[in-house]
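In the two complexes that follow, subunit A is the common piece, with subunit B as its partner first and subunit C second.
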Partner chain A sequence: MKALMSVAALMGAAGILLLAAMTVGIVPSNTVRLIEGYMPVQVIAELTLFVAGFTGLSYMMAAMGMPFPRFWQGILFWAFLLIYLKFRIYPPIPFSVRAMYGTISLVAIFMWVSANEEDWKKFKQPIMNVLDAKTGGAKALRIGYLVIIPILIGGFSYNAMVPKSEEPIELRTVHPAPPASTKVHGKTYTLQTSQNPYRVNPEGKYDQEYSNANIVEQGMGRLMKPNANPWDKDAQGYLKYVREGGEIFYQNCHFCHGDNLNGRGLHAFAFNPIPANFTDPGTIAQLQETFIFWRVSKGGIGLPNEGFPWASVMPPWEQHLTVDEIWKVVLFEYWHTGYYPRTWD
Partner chain B sequence: MGRVAGKKIFSIMALCAMVGLLLLPIAVSLPSLAMGADAPDAVKKEGEAKVEKGRDVYYKTEGIVVGAPAPKTVDGPRDYPRYNFESRVLLWFANQQHLYYGSFVLAVPIFCMVIEFMGVVTKDKAMAKRYDQLAYDFIKISLTAYSLTAILGGILIFTFLTLYPAFFGYLSGIFRPVMHIYALMFVAESGTLYIYYYGWDKMRDGFLKWIHLSMSVILNVIGTLLMFLANSWIGFMMSPAGVDEQGRYLGNIWHVIHTALWNPLNVHRILGNMAFGGGVVAAYAAYKFLASKTDEDRAHYDWMGYIAMALGVAFLIPLPFAGYWLMREVYAYRQQMGITLMGGLLAWLFIIQATMIGILFLSTNYYLWQALGRMRGAEKYQRYIKYLVFILCCGYLVFITPHTIVMTPAELKAMGGQQHPVLGNYGVMSAKNGGINVIITTTILSFVWYMRGNKVSTVSWSKFGNIFMGVFFACAYVNIIWLAIYGYYIPANVRVGLSVPQVATTLSCLFFMFPLNAAMMKGAKQMGAIEWGKISVRSQYALIMLATAFTWMMGLMGYIRSSVRLFWHVNEIMRDNSPWAYTHTVGFAANMISFNVLFFWVSILFVFWLGSLGMKKAPVEAKAGVPGGAPQPAGGH
Partner chain C sequence: MKNSLRLKARAFLTTAFGVILVSGITGGLTFAAETLPAGFKKGELAAEPSADMIEAGKRVYFTKCVWCHGVDGAGDGPGADRLWPRPRNFNQGTFKIRHTASGELPLFDAKKPTPGQNDLFETVTHGLPGSAMPSWEGILTEEQRLQVLSFVTTQLVKDRKFTDKQSESQTVLQLGDLKPIPATEESLKKGAELIVEKKCVECHGADGRGDGNAFNLKDDWGFSIQPANWHKCWNFRGSRQDPYNVKNIFRTFSTGVNGTPMPSFADNTTVEERWHIANFVNSLCEREADGTPLSIDQLTDKPKVNFVLSSGVILENGEIPADPENELWQKRARRIIAMGGQITHKPRNFVNRIDDIWVKSLYNDKHIAFMFQWDDRTKSVAEGKLPWPPTSVNIDVKEQDPKTGEEGSIASRQNNYAVYNDAVAIETAVKWKELPAPIKPRYLFGSNEQFPMDIMKWEADGSLRAFKGTGWDKDFEERDNYEESSKLLFSEWKNGRWTVIIQRPLGNKKDQDYDEDTFFEMGQYIPTVFFAWDGHNGDAGRKMAVSAFYYTFLEPPTPKEAYIYPVVIAVGVVFLEGWILMRRANKRKAKNV
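Showing the complex of A and B:
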C-alpha cells in the first residue's frame, strides 16, 4: 500500500509541478499536449491521475507525521480545479461553463470534507479557531475578515451594477428546430420523411447501410475505405454522386467551411462565429440529412425565430444551386467527415 | 365463529361494492363512448350525401366527422377575456399548484400500500405496528392535501373557463366522455379514500386487515387511472390524434386518448409522482426531526425520513430512463419538437433540468454517507467516500455540459467557433447517457455500502462474493464509459439504441447486486445497532434539498413540456392567437417556477401543521408508532 501511495505521491508532485510550469511558461505549454479528438477522455484521465496523485501526497505526508490540514486540502484542490479549467484546456472554456463546473466542484468538495463527522470537524476547525479568536493571530484574522469581506461584497456588487461597454453574452441556438417542411425550387419537402435521392446502392435504391459502409474512416486520418474512392474514374452510383458533391463543395463552400470541412476556410475568420465545424460530433452527426438540406437551401437569412441571434452569413444556396446539387453536397459532407446522418428507425 | 364469518362476508361484500363503484363510471359513460357510433346514424337520417369523412392526423385512418373544427381564435374579449394581467401566468400558477398536490395525493397512497403491506407480512409484531403507524401517518398527511387538490382543481377549471373559453370549449367538446368518467372516478377515489382512512382502526387485525390492504390497491388503481385520463388531455395538446387537419373529431375516442406521447407520459408521471411524494414526506420527516425535542422523536423521524427517501429514490432511479423514452418518442413524433426541446430554444432549460437531476442524486448519496455515521462499524466504508465523490462529480460535469453555450462574442472568437473540442463532445447525448448512468450506478453502490455498513458477512463464500461484487461494479463502469465513447463512432440510430445496454448495465447492478448483497448479509455479524436519531443534521438538510429539487424540477419539466408547443394550443391544430403566444425568457420562467415552488412549500407547511394538530389529539395511538430502543428496522436492510 505504502509503495503504491509513494508512486501516486510522486506522480501528484510531478504533475502539479509540470502544470504550474506550463501555466507560467517555464516549460512550453504544449509539453503534454491535449490532442483534438481525444481531448474529452484525456481531460478526465488527467484529472483522475491528479486525484490519485494528491491522495498519495496526502497519505505520504500523514505517514511522515506532517498531515496536511483538511481545510487546506479542500481549498487548494478547488483552486487547482479552477486553474486547470482556465489554463490547461485549450481552446479556452467560456466563463459560463467554468462557473458551472467550479460550482459543482465546490459542492463536491463540501460533500467530501463533510462526509463524516471526523472529517467535518477537521475541516471546520480553522474556521472555528478564527471565529473563537482565542489567540492573537486568530483575533487579527477575525478583524481582517470583518473588514475585507464587506469590501469584497461591495466590490462585487459595484462591479455587477456598473454600466459596461462589453458586448453582451449571447445564447446562440446552434441547432434551431427546423420547420415541418420546406419549399425549394417550387417543391415542398417534408423534413421528417424526405430522403436524399443520391444515397443509393448499385441497384439505384435508397440504401443508407450501403452508403454508410462506403464513407471514410472516422478518426484522425479520415482514410478512405478500400475500393471506395469517389475520384476513381470508374466510380459509379453513390460514389460518383459523392464526387459530384465534392466538386460543388470545392467550387462554392470550402472558402468558408474549409477544405477539411472543419469550418476553417480561407474566409472563415472574417466571421464571428466562424462557420460550423462539420467534423465535430455535435454538428451534422446529430442531424437528419433533411435538416442540412434545409439549412443549405435557406442559408442564414432563412433561420427561424428560434435561431437567435441569427449570426450566420451563409447565403441561401437555393438561389445558386439546383436541388440535385444541394443533395449531392450534403452527401459529400457526410462522406468526407465519416459521420452517418441521423435516422429515426 | 359465526360472527367472524359474518364479518368476512360483510367485508368481501364491501370490497365488491367498492370494485362496483370503481366500474360504475365506466358503465355510466358507455353511451357517451358510443357517441361516435350514434353520430353516423344521425347523419344518415339527413341523407347519405351529407356524410363527411376526414383523415386522422396521426393514425391516418378515415373516420366520419362528428365534431366541429378547432376554433380560429382572435385576440379579443370573446376568445381571450382577461384581467389586466397575463392570463397565461395565472393559468400556469393554478395548473402547477394543482399538479403538485395531485402528484402528492396520488403518490402517498402508493407508499401507504407498500408500507402497510410490509407491516402485514413482517413477523416481528413491534415492527409491524411501526409500519402500520407510519402508513397511517402518511395517509393522514395526504387527506388534508386531498381536499386542497380538489379545491385547486376547481380553481384550475374556472381559470380555464373564464380566461380561455374558446380553447377549453374545444377541448371539452372532444373529451366530453373522458371528462365525465374523470369526474365520476374522482367520486370513487374520494369514497375509497375516506373508507380507507376512517376504517383503519376497525380493520386493524386479521382478515379485515387484508381487506383494508386490498382497498389501498383499489384506491391506487383509481388514482392511477385518473392520472392517465388527465394525461390524455396534455398528450392530445402535444401530439393530437383522432381528429382531422381542421381539428374535427372523427368519432374514435380511443384514438384521441391514445396519442403518440400518452404512454411515455403515463410512465414518466407515475415514476415522477412517486419520487416527488417520497421527497415531500422525507422533507416532512426532516423538518420534524430538526424540530424534535426528545431522542425518541428524533429516532422516529429519522427512521421515517429514511423510509420515505428510500421509496422516493427507488422510483427516482428508473425516472431518467422513462424520460429518455419520452424524449425518444417526442423525436419520433416530430423531429422539430425534439430539437426545440434538446438542441434549440429550450435547450438551456434542459441543462437546468440536468443540474437538478444531479442535485437529486448528489443529495441522495450525501444522505446515505451521513447515514453511515449512525452505524457502528461503518467507518471502513467512510474513508472511500472521496472516490465516490470524484466519480459522481465527473459524471455530473459531463451530464450538465451545455450544447448551446452562453458566451460573449469575444469568448466565441477565442474558442475559434461554436464547437469546442471538449465541451462539444460532452454536450451531446452519447456522453450524457454515460454521465447519468455513472451517477446512478454510484448511487446504487452507495446503497450497497449503506446496507452492509454495520455488518460483516459470515457466509462461507463472503470473500468470493466481495470480489465478485467489486468486479461486477468495475465492469459496469467500464462498460458504461466505453459505450459512451463508442457512441461517437456509429450511426445515430444505433447510438440511440446504445442507451439500452447502458441502462441494462446500470439496472443489472441494481437487480443483481442488491439480492447478492442481501444473501451475503443473511445472518451477518452485527458490529453495532443502527442508532436511529444519531444522524447528523446535515443529512436532514440533504433531505430537504432533495424535496426542493424534486419540486423545482417538476415545475421546470411541466413548463418545458407545455412550452414546446410554442404558439399552439393544440399542436398544429389550434393556434394560440392571444398576445402571450411567445416563449418566456429563461429568467422569467425560472422566477415563476421558484414562485410556484415557494407557494407550494408554504402551503404544504400549513398541511403539515394541520396534521400535527391531529397528532396532538391522539397521543395514545401515536405512541404506538414511536420506535423504542432503536430495533433493527426491516426496511433498513
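Showing the complex of A and C:
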C-alpha cells in the first residue's frame, strides 16, 4: 500500500511541477502535447492521474506526520482544476464555459468535503477559527478579511460594470441535416441511393469492401498500404481514381483543408472557425459519402437554415469542378484519412 | 533544363569557392588553421541510410509528399503550379535552411535527430512557415520523418550525393557554442548601422519590409522570389516555429539561403557583428505595445487573432485626427486581421500577398474612422483599365490553370501581371439588428436584398467608393449618393507599408433608420469583413484577400454608475460581515450560558 502510494505521490508531484513549468514557460508549453483527435480522452486520463497523484501525496504526508488539512486540500484542488482548464486545454475554451466547469467542480468538492459529519467539521474548522478569533494571529487574519473582502467585491463589481468587449459566443450546427436530394450540373442525385461511381473493384462494380481494403492505414502517420500505391504506373481502377482525386485536392482544396487534410492549410488561419479537419474522427468518418458530395457541391452558401450562422466560406464547388471531379475528390479524402464512409444501413 | 541547372549549380559552387578563397587571402591577418569562416567548424559527412529506411521512406513519400514535390522530386507535383513559393525541387540538392556553409548540402543523418545537427529533419518537423510546407510533427513519427528523408536524400537528390567525400564537404556553424549578445540599445544601434553597411537594405528595404528589390530577384530555377519582410518573423522559413528566437536569424545570416540571392555573410562579418544584425532584425518583428512578442498560434504559426475590433470614443465633439502620428491614434490599441486568398469566386486568388492587416478605430458623435496599415512591397496604381467591371462576380475570366508546367505556373508569373490599384475595403452588415442572434449575415457578400452588406472601398488612385452587396453570387451595386458623406483622411505608402485612414458616418442615429447603410451603435457587435488588394499581384475585383467575420465594437464611455454601485455594494458587504460576526458571537454566548 505504502509503495503504491509513494509512487502515486511521486507522480503527482512530478505532474504538478511539469504543469506549473509548462504554464509559466520554464519548459516549452508543448512538452507534453495534446494529441489531436484524442483530446477529451487524454484530458480525462490526465486528470485521473493527477487525482491519483494527489491522493498519494496526501497519504504520504499524513504518513510522515504532516497531515495536510482538508480545508486547504479542497481549495487547492479547485484552484488546480481552474488552472488546468485555463492553461492546459488547447485550443482555449471561453471563460463562460470554464465558469460552468468551475461551478460544477466547486459543487463536487463541497460534496466531497461534506461527505460525512466529521469531514465537514474538519473542513469548516479553519473558517470557524478565524471567525472566533481566539488567538492573536486569527484576530489579525479576521481584520484582514474584513477589509479585503469588501474591497475585492467592490473591485469585481466595478470591473463587471466597465464596458468590455468579448467575442459573442456562436453555436453552430456542424453537420446540418442534408436534403433528400441535390441537383448538381443539371442532374438530380438522391442522397440515400446515390453511389460514388469511382468506388469500384477491378470488375468495375461498386464495392466498398474492395476500396476499404486499399485505403490508408490507421495509426501514426496514416500511411498507404504497402502494395496499394496510387502513384504506381500500373495503378488501375480505384487507386488510379484516388490519384486523380488527389490531384484535384492539391489544386483546389489544400489551401484551406491543408496538406494533411487536417484543416490547417495556407489560408486556414484567416478563417473562423478554421476549415474542417478530415482526420478528426468527428467529420467525414461520421458521414455518408453522398453527404460529402452534397456539401462539396453546394458549399457554405448551400447550407440549410438550420446551418446558421453559415460561417462557412466553402465555395459551391459545382462552379469550379465537374461532377466526376467532385466524386473523385471525395474518394481521395476517404483514402487519405483512412476512414470508411458510413453507409445507410 | 536539368543540364543548365547543373551547370548553374557548378558555376555557383565555383564562385562560392572563389569567394572563400579571396576572403581567405584578404582576411589573411585573421585566418586560423584553415580558412573557415568565424563560428564554423569542419564536419563529417553522415553515413548512407540503410536500404530499409529508404524503402520505408518511399511509402511515406508517396502518401504525403508526392502531391506537391512530384514523382521524381522535381517540385512538380499536382499542387505545384498554383503555389508560390513553388515546392522544392530536390534534384539539385539545393536546400534553404542549413547550418552548413553557403552552397553545401544541409546536415542530415538518418540516425541522429539531434536539434541543430539535422537540418532536413528540423525542416520536416517544423515546416517552412510562410509557405505551403506544414509542420509534420505530430503527424509523422520521428522514425517516419527520418525514413522519408532517407528516401529523398538518396533517391530524389540526383545531381549531388550526400556521402560523396570527393565532391561534398560539411562546414558546420557551431550555433550551440556561440552565445548570443544581449539585445541592448547599443547592440541594436550597431545592427542598424551594419544592415546599411552590409547592403541588407538594398533587398530588404530601408524599413526591412522586403521592398528593396521586390521584383528583380530570381531563384536558381528562374522563379521570381521576394526578400523576407523582417516585420513578420513568423513567416521566416527558418523560424523553426520559434520566430522571436534571434538564433534563427543568426543562422540564416551566417549560412545564407541556398538557391536564392540571399548570400552567406559568414566571410565578411565577425560573429559579434552577426549577433548585432540578428538582434536588430529580430527587434523589427511586430510586437505588442509593451514590447512583448505577439503570441503565436501553435496550430497555424501565425499571430493569434482576436475577432473583436474595438473602436475608441472621442468625447465632446472632438474631431477624428487625420494624422496617424496624432496621440489619439498612437495610443489606440491595434488588431491584427488575418487575411486569406479569395478562392470561392472566379477569378480566384490562390496566392494572396497580403496576409494580414493592422486596424485601429476611433469614433465621435458623428463619424467612425478606421486606420488600416498593411505591408505591401510595391505601391501599385493602375496603368490601364481593368478588363472587367470590378463590381462583378463570377466573370468569365481566364484564371490560373491547375496544371501548366513551370512556365505557366503562378510562381513564374509573379512579376509580370498587369498592374491594378492597391486597395482596401471594409464590409459591414446593414440590418445586423434584425438578424437573429448571434448576429451574422451569410458569409461573404451578404444574405440577400433584405440583409445586404455595406462596403466602403479605398483604392490607390485616391478614390473612396461605396457599394452594396446583396448576396453570394450578386454583383456589387455602386452607391454614388453615399460617397460624399465619407472621407479619406490619410493615405500614404512608405517603405513597403500602406497607411490609410477612412472616415464614414455612424449612420442615422435619430430614427435608427438603417435600410441603406450600417448604423454603428455603441456597445453592439457589428459584423465586419475586410478585403485587400495588391495591385502587383493582379488583384482586382473579386481577386483579393479576404478576412473572416470580425465584430466592430464601439466602446461606450465608462458610465457614472460604474463608480457608484461598487461602493454601495462594498458597504453592503461590510454590513453583512458585521451581521455574521454578531450572529456567531451570540451563538457562542448562548452555548457558554
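By definition in this document, the second predicted complex is superposed on the first by the 278 of 345 C-alpha atoms of A that agree within 3 Å, B and C clash if a C-alpha of one lies under 4 Å from a C-alpha of the other, contacts with A are read in each partner's own complex, and residues count from 1 in each chain.
Going forward, a contact is a pair of C-beta atoms (placed from the backbone, for glycine too) under 8 Å apart; a residue touches a chain by one contact, two chains touch by 3 or more.
The shown structure was predicted, so the numbers you read here are calculated from the model rather than taken from an experiment.
When both complexes are overlaid on chain A, the residue A:V27 reaches neither subunit B nor subunit C.
Touch criterion met: A:P91 reaches subunit B and subunit C at once. Judged by the touch definition given at the top, the superposed model places A:A13 against neither subunit B nor subunit C. When the two structures are aligned on the shared chain, A:S105 is found in touch with subunit B, with no touch to subunit C. When the shared chain is aligned, subunit C comes close enough to touch A:E247, but subunit B does not.
Shared-chain residue A:P168: touches subunit B and subunit C both. In the superposition on chain A, A:I301 contacts subunit C only, with no contact to subunit B. By the document's definition of touching, of the two partners only subunit B reaches A:P341; subunit C does not.
Judged by the touch definition given at the top, the superposed model places A:V323 against neither subunit B nor subunit C.
Touched by subunit B in one complex and by subunit C in the other are residues 36, 91, 166-171, 264, 272, 274 of subunit A. Chain contact summary for the complex, subunit A toward subunit C: residues 30, 33, 35-36, 90-91, 131-132, 146, 149-151, 153-155, 157-158, 161-163, 165-171, 216, 220-224, 226, 229-231, 246-252, 254-256, 258-260, 262, 264-272, 274, 299-301, 308-315, 319-320, 336.
On subunit C, the positions that touch subunit A within their shared complex are 59-60, 62-64, 66-68, 71, 77-79, 81-82, 132-134, 136, 138-141, 144, 297-300, 302, 305-308, 310, 338-341, 343-346, 348, 350, 352, 355, 394, 402-403, 436-440, 442-444, 472-473, 523, 525, 545-549, 551, 553, 555-559, 561-563, 565-567, 569-571, 573-574, 577, 580-581, 584, 588. Remark: subunit B residues 331-332, 334-337, 339-340, 343-345, 347-348, 355, 358, 362, 365-366, 369-370, 372-373, 379, 382, 385-386, 389-390, 392-394, 396-398, 400-428, 430-431, 485, 488-493, 536, 538, 572, 586 touch subunit A in the complex.
If you check the complex, the residues on subunit A that touch subunit B are 34, 36-37, 39-41, 43-44, 47-48, 51, 55, 89, 91-97, 100-101, 104-105, 107-108, 111-112, 114-117, 120, 166-180, 191-192, 208, 212, 218, 263-264, 272-277, 280-283, 285-286, 288, 291, 306, 340-345.
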